[in-house]
Amino acid sequence: MSRDTLLWRVAPPILRSARRPQRVIERNATVYRRTPMVFISGFFEPLFYLLSIRIGFGALIGDVDFAGRAVDYAEFVAPALMASSAMNGAVYDSTMNIFFKLRYSKTYDAMLASPLGAADVALGEIGWAMLRGFMYSISFLVCLAALGMAGSWWILAALPACLLIGMAFASVGMALTTYMRSWADFDWVPAITLPMFLFSATFYPLSSYGGLGWIVQLSPLYHGVALVRGASLGVASWGMLVHVAVLVSLTVVGLSVAARRVETLLLK
Amino acid sequence: MSTPASVRVLEMQMLLLKRIWKTNLTLSFLQPLLFFLGMGLGVGSLVDGRSSSAAALGDVSYAMFLGPGLLATTAMLTAAGESLWPVLGGFKWDGSFEAMAATRLTASQVVRGQFLWLAVRMGIAVGGVAVVLAVHPDTRSWGILPAVPAALLCGLVFTAWITAWAASREYDTSFSNVQRLVITPLFLFGGAFYPVDSLPELLRPIAWVTPLWHGVELCRGFTLHSLGAIEMLGHVGVLVAWLIPGWILCDRFFARRLYR
Amino acid sequence: MTANEQPVIRARSLTKKFGEFEAVRGIDVDVRPGESFGFLGPNGAGKSSTMRMIAGVSPITSGTLEIFGLDPATHGSEIRNRLGVVPQADNLDGELTLLDNLIVYGRYFDIPRAECVSRAKELLDFVQLSDRSSGRVDSLSGGMKRRLTIARGLMNRPEMFLLDEPTTGLDPQARHILWDRLYRLKQQGVTLVLTTHYMDEAEQLCDRLVVMDAGRIVAEGSPRDLITRYSTREVLELRFGAGRNAEYEGRLAGIGDRLEVLADRVLVYADDGEAALREVNVRGLTPESSLVRRSSLEDVFLRLTGRSLEE
């Protein structure tokens, strides 16, 4: 990572102590090289969701109003599903997997005995989650295009948006994971992600929530959905900077907490 | 020995539940409630009022259509969640099945105990949905009462087959694919969220074979009083026909693994 | 130590506390380059805590600690770059093959991939695991896992090799293979620092050692030194039956240098164990069993602390 970029200079000190987080990514890539099926099946999930939206819900619902125009329901929901899948992938990678490595397999203990430090572990794991998320997002795009639901070329702008979502949720997910005491605690993960999935203006416009819209805006996923949907429907606005800022802030806070906690848990 | 062996297996598992019941109960209610609110009422507001949609749903509101289906999907999702890693783990990581087999329990008693345990877990989750349905005026019906055991029967089919799969694996590598390639499509295309009739003609027969569709139809039939006795018996028959081979496989794989 | 020879480990009043519990209570240690140095003591003596501080993965509570003349608090990464570590509990990567375990670990040290591959193959050979290089870690026996951990620790060609209880839990054959490999490293000039509660291990591998008990160093010297100082060359173990050993204390008086009566046996310290046994028979005593063995750390430790080592 280049040390002169602005992002690097404003990063919290603990993150700046990172040396070579890419080695952690390399380790994970080596593991997954041997189980490619996990990646391949990742392609089917978005396909299933998109198909069910198109043949099932699309037929029942028709058009919805978005930004003053009528949008086909499938076209309205697809970007939200893309954002949600970026979230789910990141959360999946950054919770159970990391808990296992942290508490059981002692993978990080071995890393910390080498020149790598806690910040490398945190940055590397989040980088890996982002990479995987990025691959899922690409496969999502391919599915969208294959089903003729891609809309315009604007949809490519959804990729960086999904990357931001993955980054934010992976960082926060890892930070929370360091506080988990047992597998039973993970039952609470869907209790957080499910309401976000259902109520982030995913399946119907923000306006349908009436006076409760402000609660929806508290959901980090809402900001992700808004970005991806804006990109895919070609609607850009200054408000999008706010969405970006929310996701970036979550990333920085999550990463710092995660690195700090790995240090407390393993270097004692 | 007064208590049946499988009940004693259940008792061991219940000790675990005692420690986590608060979380478990809260989540069991939360999940279906959120789905019902988010999909049933939320998406429902977009669906209801369109005449073409009403016809497709059989002249009921979307909430009425979706609600009973959630009983069956909840049973399936609970079965999938509790029968993959926990079952392999029972053999491999915490060795709880070995520990049971080391007592005088036979493999099939351990299997029955595991099924009973799953029935309890599914019962809690499905009970949560039932309460949500009973509270909402659209879906309130005495038919919910028989729909709960119907959902459990459907869930047991999944318990049996998934447990058999997990018990016959050495590694957990295939498990996320079971979730992604079997459970997720069933969840989405099994007729809970929209009528199977909207699927392409080629896919419909596949849906008709799946246990989830029969479970969903059965629960919906009870709750909305929309099915005749013969149709109901047919659905039950198919579910039982699915259950038996799965159960036999479980017995066989548990025996092979515990006494090799 | 000559004046220009900088110690690789230098500890002064080194202390480690976990909350109220003081695991290491102010120890002084100097280890010279190329030396084989051992920490001996029972479980809970503070050996592992000391090792973790030396390995730079555990901050010290007070005192000073220098590794290669550097402070682990500020130069942890540089220090770890020059260390090889074999922790007490194997933390091999269960998701990787044997070969990948080594390659991936080498990459943590920024060693070029091609170099990692050739070193990994060489080291698998060294620890006699080449034939399993594409196997999974969970298919290995305990001894093989330990050997693989040793190979992994050598990937960065460390100047100092830290081994925490390297042979605990291994069968005798596996231990001998391990000792042989460690001995070769010692011959190559690698500084070895190990903890153990086996005297034979210390005798085989250590030039010098310290005995730790309850966080303190209670004795220091070469293995031979310690045995001569605190024990005899041989020990005669006599068993007179449960609960009856104490009765024989008086009747055994005068045989060997010293007697130690334990719950299950009587230990007779003597330079010639066989001679002591003959004397026992001459006195008309008939123990249920008798055994002559060489003195061990057990005996040194018993002498130093009045307690048994492996309790």
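Worth a mention:
We just call them A, B and C in the order they show up, numbering each chain from 1.
Methods note: contacts are C-beta pairs under 8 Å (C-beta built on N, C-alpha and C of every residue); 3 or more make two chains touch, one makes a residue touch a chain.
Since the structure is predicted, the reported quantities are computational estimates derived from the model, not experimental observations.
Arrangement of the chains shown, judged by which pairs touch: a linear chain-to-chain path with two open ends. Distances between chain centres, each the mean of the C-alpha atoms, put C farthest from chain A.
Every chain gets a centre from its CA atoms, and the centre nearest the mean of all protein CA atoms is that of A. The distance from the centre of chain A to the centre of chain C, each centre being the mean of the chain's C-alpha atoms, comes to 47 Å. One finds 55 Å separating the Cα centroids of chain B and chain C.
Remark: chain A and chain B have CA centroids separated by 29 Å (rounded to whole angstrom). Annotation for chain B: no residues touch two or more other chains.
For chain C in complex with chain A, the residues that touch the partner chain are 18, 55, 57-59, 76-78, 80-81, 83, 85, 87, 89, 91-97, 100, 103-105, 107-110, 152, 156. Interface of chain B with chain A (complex): residues 19-20, 23-24, 26-27, 30-31, 34-35, 37-39, 42-43, 45-47, 50, 53, 56-57, 62, 173-174, 176-177, 180-181, 184-185, 188-189, 193-194, 198-200. Chain A makes touch with chain C in their complex at residues 19-20, 23, 26-27, 30-31, 34, 105-107, 109-117, 266-268.
Within the complex, the chain A residues that touch chain B are 35, 37-38, 41-42, 44-45, 48-49, 51-52, 55-57, 59-62, 64, 73, 184, 187-188, 190-191, 194-195, 198-199, 203-204, 208.
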